[in-house]
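Both complexes shown next keep chain A, but they swap its partner, so chain B is in the first and chain C is in the second.
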Partner chain A sequence: MSAIKKHLDTLSRLAVLIVMFVLLVLVSPSFGTLTNILNVLRVSSLTLIIATGIALCMLVSGIDLSPGATIALTSILFGRYFQMGHSTGEMVFGIAGILAVSAVIGAANGFCVAKLSLPPFLATYGIQQIVRGLAYLLTNGLVYSGFTEQFKFIGGGSILGIHTPIIFAAILLIIVGFLLNKTTLGRRIYAVGSNRESARYSGINVTGTLMMSYILSGLIAGFAGIVYTSRLNCAEPTIGAEFAQQAIAAAAIGGISFKGGHGNVFGIIIGALMLTLITNGMTLLGIDSDWQVGATGVIIILAVLIDRNTAKKKV
Partner chain B sequence: MSDVILELRNICKEFPGVKALDNVSFDLRKGEVHVLLGENGAGKSTLMKVLTGVYHPNSGEIVLHGNKVSFQTPRDAQLARIAIIFQEFNLAPNLTVAQNIFLGREPKARSGLIDRAKMVRDAQEILDFLKVKIDPNAKVETLGVAHQQLVEVAKALSIDSEILIMDEPTATLSENEISALFDTIRNLQKRGVSIIYISHRMQELKVIGNRITVLRDGQTVGTCEASEVTLDELIRMMVGREISKVRTRTENTAREETALEVSHLSQGNKLKDVSIRVQRGEIVGLAGLVGSGRTELAQAVYGITRRDSGDISICGEPIQNPTPIKCIQRRMGFISEDRKECGLALNLPIRVNVTHAGLKSIFPGGIVDVRRERKLAEDYRAKLRIVTPDVERNVVNLSGGNQQKVVLAKWLSTDSAFLVFDEPTRGIDVGAKEEIHNLIRDLAVNGVGILMISSDLPEILTLSDRIYVMREGRIVHEIEQVTSETTQEEIIAYATGGAEQ
Partner chain C sequence: MNELKSGVRRLTRVVPMTLLLLAGMVIVFSALVGPAKYLKLSNIMNVISQCSSGVGIVALASFLAICSTGVDLSLGGIVSLAGMVTARILTAETGTLAGLRTSAPGLLLAIAILASLAVGALMGSLNGVILSRTNIPSFIITLGNFKICETLSRVLAGGSTVRISNMPQFEFIGGGSLMSVSQTVQQGARTSTRMIGILPVSALVMVLLYLLFSIIMKRTRFGTYVYAIGGNYEATEMSGVNTTKTRFTVFLLGGVIAAVTGIILTSRLTAASAANGLGLEFDGIAAAVVGGAAMTGGRSTPWRTLIGALIISVLRNGFSMVGMANSLQMIAIGAVLIIVVAVDVAKNRRR
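After this line comes the complex of A and B, so read on.
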């Protein structure tokens, strides 16, 4: 009984998602096919990966606007410096480079927020601009493409018929879920997000915890950069402009509170799937893509309203 | 001077479970300063809130100029020309002095827009009357506390108040500022303004007050002429005689090891050359009025604020720049006064809160054993009798007493050797209070050194082995051995400065 009560908001979100799913199946028979469901999951997976990182920042009552730019920069770096790498060793080296750079970007965000006490929105917006600026400077207007087959498999392949991004997203969610629920770092993240002052009084290293959240978000963005570059098979500085927004929306729809300290990985999954379902459903229904953009906004607001009201009633 | 303009007759105000005001009567004459005196929780603030329409009395009446009135909102009281200046000012820091004085009542030009020039002129006029040199165009945030307070006074005058309530107006002022304020008060008196003056400071009461009314436990103890009463008499009235001093600790369990040693600690004007010592197994009470520096002392030791000078050592280990992390490593714990702000993550479950202070020591590998965590929480739930259906419940849903027990559980699970309790039983019902007292005693018996800050004098007297009294940032008195002969009067006399007269 208490378990149900405790997860009530997650459950009510799940209910909204299921209702959306059922409606779409009823309206459009092709929606329920395995191919389409896998497609929905594949499209969701990138948002899901980025949202998981941002959620870590939201849990410590922050935000991270930089993942889109991080994806652009890391993909350019990979294209410029590792594109020629045809051996597995060179590819691994390139991937490690991407992760290192993205961790540094995350650390820069964390430094601005935790050490300089800048408002997270502005700090990460500023870093985002710097990072994207670097991406432009590094490309000189070039687009890098033509990666190795090995590398292309990371984002574009499939194992047992399941697209690799789905598998990566699943692995990431398991890791982050474990981190949040079963490690002291997870406890610290929730403690700092829930009440920073009481965390400090409890001897929790608030600065370190904030730093960790932003570094992890950066790392996850770098990881998303690898998957995305591989799937796209090209690198250019303009990519990922809307990724952060979309991922934040997914996390928020999934119940990660902007105030911090509240939300879990299941919520993020539900939020990301909901966002994808909306677009996917409209495409299947043959709605003109110009109409889809605005309609998505309307549906998001409706979904959040319904979710909030059902959650309120049951509590 | 003797025409009564305001009368509060037989005011009763009950809150669930508490009789905050019990048949309190009070009157105010034109042009007098009437001091309202009483310990924390005696009912002074509640009475003023009833007068200004914040609370509605359960019974009793308010008579203003011979007419019975009933204020539904603070706005009604304001219209009746009653103004109150709280300890925490209600000023908008980023607006100018003039804008603050006329906030919501800005003079309008014919165009309907605010007449800035007139507003500044009018503000200047009031400030001139108060004989204070404040620029009406200065932003309030640039002013010192004393000037901000005068802006509040100016604001009260601008609505042409004839009754002015001042709640602890001198609590944050320096000597010079106090004498300037007293000049202003005398000016106001000449103009026929009557003042209700709430204060703890014994010395100033007789300087500024005409009459003094003492409240205790929500009842009027008496009203006397300031010139005819001694400080000793006032202290006796404040404390009362009937409180029994039951000392339940029979043997002193203090041990050789020192839990806390502070020498010559100073911090701005908040702490001045403070030296104290707490042995393991000993309960040391830290008494004093609100704002005397008790919490500030504990916070400086715990590294919440930075000290200017002085040495601190915890459990025998000196500590250079204290932080909560370093203090906890040296086995100190801090049960803060404000459990909602500093003690608990309210929207997280009890189970999670219990391990917050001991994450490192309970789960040294960094991996949380949730089963062990739950067991720990369940153990404390049983041991401290935390009333809750289960430990998965978020702390926010618990009552005050049970929340406090969760804070205690958090610190008990860290195996501390030195604990600071800041107002451990404030806002807690009697039953839980007794349980917490027993727990504090048990801890001491088991060798934990305890520093207990409390405004509840009976609590200090029943629990402490030794007592320090603070006033204005200094340790002004030490009671080395608390016995059944130790009285609240002794503490109050030092805490208020009455003992120096």
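After this line comes the complex of A and C, so read on.
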């Protein structure tokens, strides 16, 4: 009984997700086919990856607005510097370079939040501006495209009929799930998010934990950048403008609290799938794509209002 | 040495530090660009009208939100939406509105402005209703509202820029001037005379708004409450102040102020695009903080915020005049935002 109570939040979200799915199948029977389900998963996987990074920041009562810009910069870096290599070894070197750069961006966010005590939304917005500016600076007005087949496989291939982004998202979620539930860092993240002061008094390195959360979020954004660049098969400085908002919406409906300390990876999965289903449903109902972007705004507000961990009534 | 220090302190008490910073920036930019080109009347007026149709008025809304320990990230979206509503009403092709354009353009203009202000008030009160009754972080609700406003603006735009033509009365708001001087311009071998407005209507609107809010913040109960909430929320609530109403009003006024910017911006460009105004919310925060507002609330005044807004405008204009690439400008503005807030936070920690 207590196990059910503990997971009531996640279970109720799962129930809503299933109801949504059934409704969509009823409206359009072709929605239930395996091909379409795999397609939904593939579309969700990028949001899912980015949302996982942002959720790590939200768990320490922060936010990360920079993933979209990080994705743009990493794609430009890959297009400009790392695509020359045509051997697998050179590609791996390039990917390692991209991940290092994205970790540095995450560290810059972390430095501003943890060391300089800036409000997280301001710090990550400022860094986002700088990173996006760098992406524009490095493009020289060019669009880079035509990557090697091996690289295109990362985001566009499939193994046993399952699209590679789905597999990557699954691996990432397993790693982050393990990190949050089974490691000291995970426990520290929840502790810092629940109550920073008491975490500090109980001897937790708060600054280090905050830094780690933002570095991981940066790394994950860089990883998303690689998958996205590969799937798009081109690099432009404008990409990813909507990604952060979508991922925040997914994390919010997945029950990641903006006050920190509440939420888990299952919530993120359910949130990302719900967001994709909502978008799909809107398309089925013939709603213009312009409206679909705005739906994320409504979803963020509603999700926060419904979430009892965040929206405590004032006394 | 001590005399110098106390002298500086006495000076900064009368003249805010930020005004000196503004003067310093003007000197640096005029040295970099060349005084003849930089301090030209047309460039000075350009900075002023850029300020009043952009960060200038929005900064006032940012100041109000920050002063009451919040932040309003929906302002840019409201600017875009309000500007779009104005443009749509002025260019309506069917119905009574289209008839009004020829029969009573003044009435049409009044309807457009009122509708736009009403939309601003509505979106502002959406923030206010939620943020005054719950303790949800304000950035997240206003971020969601930003998306809603931007989307509505895009839908209204219908995928194109809405251009307004043959509406001299409307153009007067953002482009007109009560007083002009003629100036001879030497362009190569050709000399031409052109009129430069030295008393722009938009700047007057801006100054009047600041004057109004300066009085409101100093002399009314609402102003006192806003400062009190920023100083100590719990204590203010305990002493019987209706904090819910005050916070609601702050965000409602923020929406109206952003709508004023939307009208002026659309008028100045004589066109509304959904991308207009997006990003102004962060310029507004930077301006308010440069002006002396603390992210923890309760400090600074409207006039100091105006100086902050002028600094941001001079900075943006200076970067362009120096010939800095757009990408470098993005980087520089991002860095300025971080540095400004970091300095503010460090200052507060020492206190």
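To be clear about the criterion, the second predicted complex is superposed on the first by the 283 of 315 C-alpha atoms of A that agree within 3 Å, B and C clash if a C-alpha of one lies under 4 Å from a C-alpha of the other, contacts with A are read in each partner's own complex, and residues count from 1 in each chain.
Here is the rule we use: a residue touches a chain if its C-beta (ideal position, glycine included) is under 8 Å from a C-beta of that chain, and two chains touch if they have at least 3 such contacts.
The model shown is predicted, which means the values in this text are computed figures rather than measured ones.
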{"item": "More chain A residues in contact - chain B or chain C", "value": "C"}
{"item": "Touching partner for A:262 - first (chain B), second (chain C), both, neither", "value": "first"}
{"item": "First, second, both or neither for A:137, with chain B first and chain C second", "value": "second"}
{"item": "First (chain B), second (chain C), both or neither touched by A:171", "value": "neither"}
{"item": "Chain B versus chain C as contact partner of A:195, first or second or both or neither", "value": "first"}
{"item": "Which of chain B and chain C A:187 touches, first, second, both or neither", "value": "first"}
{"item": "Partner chain(s) touched by A:22 [first = chain B, second = chain C, both, neither]", "value": "neither"}
{"item": "For the chain A and chain B complex, residues of the former touching the latter", "value": "2-3, 6, 181-188, 190-191, 194-195, 197-205, 261-262"}
{"item": "Of chain B, residues touching chain A in the complex", "value": "302, 304, 324-325, 327-328, 334, 336, 341-349, 352, 355-357, 359-360, 363, 366-368, 370, 389-390, 392-393, 410"}
{"item": "Touching residues on chain A, where the partner in the complex is chain C", "value": "63, 112, 116-119, 121-123, 125-130, 132-137, 245, 248, 252, 258-259, 288, 290-291, 293-301, 304-305, 310-314"}
{"item": "Footprint of chain A on chain C - complex, ascending", "value": "71, 73, 130, 133-137, 139-141, 143-148, 150-152, 154-155, 159, 244, 282, 285, 295, 325-335, 337-338, 341-342, 345-346, 349"}
